[in-house]
Amino acid sequence: MPFEPVILFFLLGLLAGIVRSDLKIPGVLYESLSIFLLLAIGLKGGIELARYPLGSLAGQALVVLAAATLIPLVAFATLRRLGRVPRADAASIAAHYGSVSVVTFAVAASFLGRLDVAYEGYLVVFLVLLEFPALLIGVILAQQADGQTRWGPMLQEVLSGKSIVLLVGGLLIGWLAGPEGIKPLDRLFIDLFKGILAFFLLEMGLVVASRLGDLRKAGAFLIGFGIAMPLTGAALGLVVGNVLDLSVGGSVLLATLFASASYIAAPAAMRIAIPEANPALSIGAALGITFPFNLLIGIPLYHDLAVRFAREI
Amino acid sequence: MPPKLHSRQLLTIICEADLERQLVTELHLLGVRGHTITDARGQGAHGDRDALWPTSANIRIEVLCETPVLDAVLNILEESYFKSYGLVAFVSEVAVLRAEKF
Amino acid sequence: MPPKLHSRQLLTIICEADLERQLVTELHLLGVRGHTITDARGQGAHGDRDALWPTSANIRIEVLCETPVLDAVLNILEESYFKSYGLVAFVSEVAVLRAEKF
Amino acid sequence: MPPKLHSRQLLTIICEADLERQLVTELHLLGVRGHTITDARGQGAHGDRDALWPTSANIRIEVLCETPVLDAVLNILEESYFKSYGLVAFVSEVAVLRAEKF
Amino acid sequence: MPFEPVILFFLLGLLAGIVRSDLKIPGVLYESLSIFLLLAIGLKGGIELARYPLGSLAGQALVVLAAATLIPLVAFATLRRLGRVPRADAASIAAHYGSVSVVTFAVAASFLGRLDVAYEGYLVVFLVLLEFPALLIGVILAQQADGQTRWGPMLQEVLSGKSIVLLVGGLLIGWLAGPEGIKPLDRLFIDLFKGILAFFLLEMGLVVASRLGDLRKAGAFLIGFGIAMPLTGAALGLVVGNVLDLSVGGSVLLATLFASASYIAAPAAMRIAIPEANPALSIGAALGITFPFNLLIGIPLYHDLAVRFAREI
Amino acid sequence: MPFEPVILFFLLGLLAGIVRSDLKIPGVLYESLSIFLLLAIGLKGGIELARYPLGSLAGQALVVLAAATLIPLVAFATLRRLGRVPRADAASIAAHYGSVSVVTFAVAASFLGRLDVAYEGYLVVFLVLLEFPALLIGVILAQQADGQTRWGPMLQEVLSGKSIVLLVGGLLIGWLAGPEGIKPLDRLFIDLFKGILAFFLLEMGLVVASRLGDLRKAGAFLIGFGIAMPLTGAALGLVVGNVLDLSVGGSVLLATLFASASYIAAPAAMRIAIPEANPALSIGAALGITFPFNLLIGIPLYHDLAVRFAREI
């Protein structure tokens, strides 16, 4: 199976955390690098966007959004019916899985780049679009729960959340300035992207290691869910990619988006919107299981499936 | 001769960093006229809050106020926060200069 | 009516950042059920601790506990830490909500 | 038996970060033998101090000392700082180990 | 009017701040990037400096310094006479406007680079020279005010201030090591400069948004002052540039220096030296009005004027 | 004598500290840059390692390790006999000098790069190997002292210490991924290395300036020791380099390793393992004397000696 070196940084961080190394990446560095990554992904998408007619994208976007709505609903039903998970927790977890992981997307793009597999650059737009609807769905699903929902602060939190602002802002800047205008910034935002992604994955390894304790709280059902759910999402993504006539690379990215679970926007928003939900469960599953699963097994697998799928047709 | 000191209550709240915006808004609605925040990490009933990433960071909020405002804040903490959030609150008696500020 | 407050001890320890891991482990072995840490700098008998690099940084640890645990911690500090480390410790009486936590 | 505790004053000053160097120098001239600083943000009569950049950051200074030094410091704060700077100061009674340090 | 993409990052930060996004750039990142920018600007200037005879520069520097002295005096008189601003505040504001903004200078240089307009590389030396005399003038102007002036700490604050140390230090290193010696460092200090400037402008947008409240305290007069003063300074700069036979690019940079107001060195120094002055006024005007004005309108305008000016002669 | 520009950044920081500038590099930036440097050095070493047969390296490594064991022993004996330094302090200082300074190594490599002197890339492996044995030797030497040794936490501290984890992790990643796999990361880890080293040396200058006060506590004997010890270590390194038939460049690097004293891994480990030792002494000597001595005088001198040595044979 092809193998992407940035993953090794994740494994190094994971190992360092597990052996209780005193390697601590300062929280401020985590925030700084995540700001960089979000902005850079937005910029790249914006530059690509300029090449496509916005009209045709709108149609595709609607299909993707509609399909993506299924994910939190399926997740919620599974958690409630099969797992007997309390309503608030099920809603919060569903929101995490309905939303997307920017870093998982970046690793998939880097994986494709390494194999020289082309993909539609405008997929970053879907990344942006998929980030927040699931959060709203999660809140609606939680609503019959005991606590009162704090819609106001929640919407504020989501729509002006840092990931939306940086992704959309980057998109707009890239789109307005165009490839020529951005060129002097390429040295930072393009050339260093992969190195900084590697650095960030080292941090993610440390963070995941520190969340492994949560898995015990999560229990066997949630661990299984953390593997089954991305597979389900990826399958849906591959089908939708096929319906929309995406390239193999595009289908892999869409599958990865559908398979990934948010751990930047969702935790903060859910903490405010569904206070009764236990964050150890959602973060344990999303970060402790699904994130490493996608990085280590998921992405190469989705690529494999997309290639076979394309051949069969 | 030293300046005159007046007795006030100092409330210290240690909680999840994600609560900062909401809790500060609520405090000022209840009549608090100032607050001070420092970034923190720690451990408690909700496990290890190691501040490796924003989701696992704590903050430490200090509020100087008089008893009526303090009581209002303590009530809100008990009603809306204690059940769902990792949060510790304690009160100490302190002596302030310029009592009219608090 | 405000929620009921209970008296507890608040121990504050200011020490070299390099001690964090070892001291926290020791505290929890002695029965402490939670702690809060903030990064600090300062000056004292051991000179200027300016936090320019990890070796010259301080931390500030707070522990809410009851008297027996407090006494055990103070004993350890005196026996194993005071002689060799830059370390300051002080105790204040505070009022906590949810006394069963500490 | 726990080590013996002695009563001392703990002065906490919250002020603009730009004052750090000057205020610390002044404190030590007045006889203070140590201090601890943590970075802070907050809100008060001088508006929002959000620590987004150095100019809007606060610091939180703690000083353990005896009453005569405390009085000297409070006098200086009142004379030279209160009028022009965003600054809050409060005093609490604490119990210290190794009283000879402060 | 030509358009410089790094400005878009400033606007993004401004917007994020205004909609109260939770995008918060850590203060430590702000400090780190400003250290980088100051050092990089110094280095570039030092490399350029090696190309010019120091003797002829000294003459030009004297003219520039003498002219620049006018700025805080004019500002002070205007504030006192027209605005009836208290002495301490007028002195502090005058010091801010007499000193210079390093980031505004960098944006102007980047603007010229984009239009392929050449400029005298040694202008960075003037940037350094202009930074602190105005601060001393401000303190002298304040002196008849009630408070006692703290000359000692103030001089210490200014002369060993971080911006002077980094700019002068960078200049010296660039000058001593020369283009060849610096080459292995180019990847960081030259290639990444513009990207990091963009990043810093994002932060500045957030900071400016958080200072907009100060404008209400500043009042209409000070807002007008925040626009009139850079225009006056720029006009003086263009004239001096002409007298010194600077290129069009050089004149634009000098105009920008004269038009800009300090918000790195001045606020800290004034806080210690003139405690009675209300920082909300000086920072509200310098950062809330003059900084965005120069970025969005001033720099292109000064360029326009410099081109016309050059043609007429 | 050839002259390496990154040294100028160190001198700038030193000067800024001495004049009590308000230039303060945030502690978080210090930590972030040191993580970068450790990881990048490891990566480079790992890529080089792939080119050499591991078997032959093992033999060389044993010789180097055996020779290096002499350093803390000689240091300890000197401190006890000649300096009458208390046992705990002598043991702690010996551990600092027995271990190595990663930044000194990087400056030496950069010095050689500038002179186009080739060296064996696998020397990074020795850097890793030399880091921790001396720490254990230090603890053993201290053992007859009053305090009880905390072996457990000490071993944990050393073996899972951040410098070991990052160096070894970088080595493994570089070795596994190979030059091709690392290539997309080169923009960050290779191209920016020297610029970031310069930045870090600026910080080191500030740190050293703040430690100059410790020198008074250290006293004349320890100051002399801080110069004599690196000379002794370097001599040993040159001999061993000759025995192992290293190139001139390789001998210089080995001499630098033997001459350098640790100030990242050692202080933290010794603080836990030998609490009675006064850190002002070990850090005053290692950082206040030996680090600047090696940077400013040592490295060019060792190169000079290595060249002569090679010629004579």
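So that you can tell them apart, the chains are marked A, B, C, D, E and F in the order they are listed, and the count of residues begins at 1 in each.
In the analysis below, a residue touches a chain if its C-beta (ideal position, glycine included) is under 8 Å from a C-beta of that chain, and two chains touch if they have at least 3 such contacts.
What you see is a predicted model, and the numbers here were worked out from it, not measured in a lab.
Common neighbours of subunit A and subunit E, by the contact definition above: F.
Look at the CA centroids: the one farthest from the centroid of subunit B belongs to F. Between the Cα centres of subunit A and subunit F there is a gap of 41 Å.
With each centre defined as the average position of its C-alpha atoms, the distance from subunit C to subunit E rounds to 45 Å. Multi-chain contact residues of subunit C, defined as those touching 2 or more other chains: 21, 38-39, 92. Shared interface positions of subunit E, i.e. residues touching 2 or more other chains, are given as 22, 24-25, 28, 31, 192, 268. Applying the touch criterion to all chain pairs gives A-B, A-E, A-F, B-C, B-D, C-D, C-F, D-E, E-F. Contacts from subunit E toward subunit F in the complex involve residues 28, 31-32, 35-36, 39, 156-157, 160-162, 165-166, 169, 172-173, 176-177, 181-182, 184-189, 192, 268.
The residues of subunit F lying in touch with subunit C in their complex are 24-25, 27, 30-31, 147, 150, 153, 203, 206-207, 210, 213-214, 263, 267-268, 271-272, 275-276, 279-280, 283.
Taken in their complex, subunit C has these residues touching subunit D: 12, 14, 38-45, 58, 60, 70-71, 74-75, 77-78, 82, 88-92.
Residues of subunit B that touch subunit D in their complex: 2-3, 5, 8, 10, 24, 28, 33-39, 62, 64, 92-98, 101.
On subunit F, the positions that touch subunit E within their shared complex are 5-6, 8-9, 12, 15-16, 19-26, 28-29, 110, 113-114, 191-192, 194-196, 198-199, 202.
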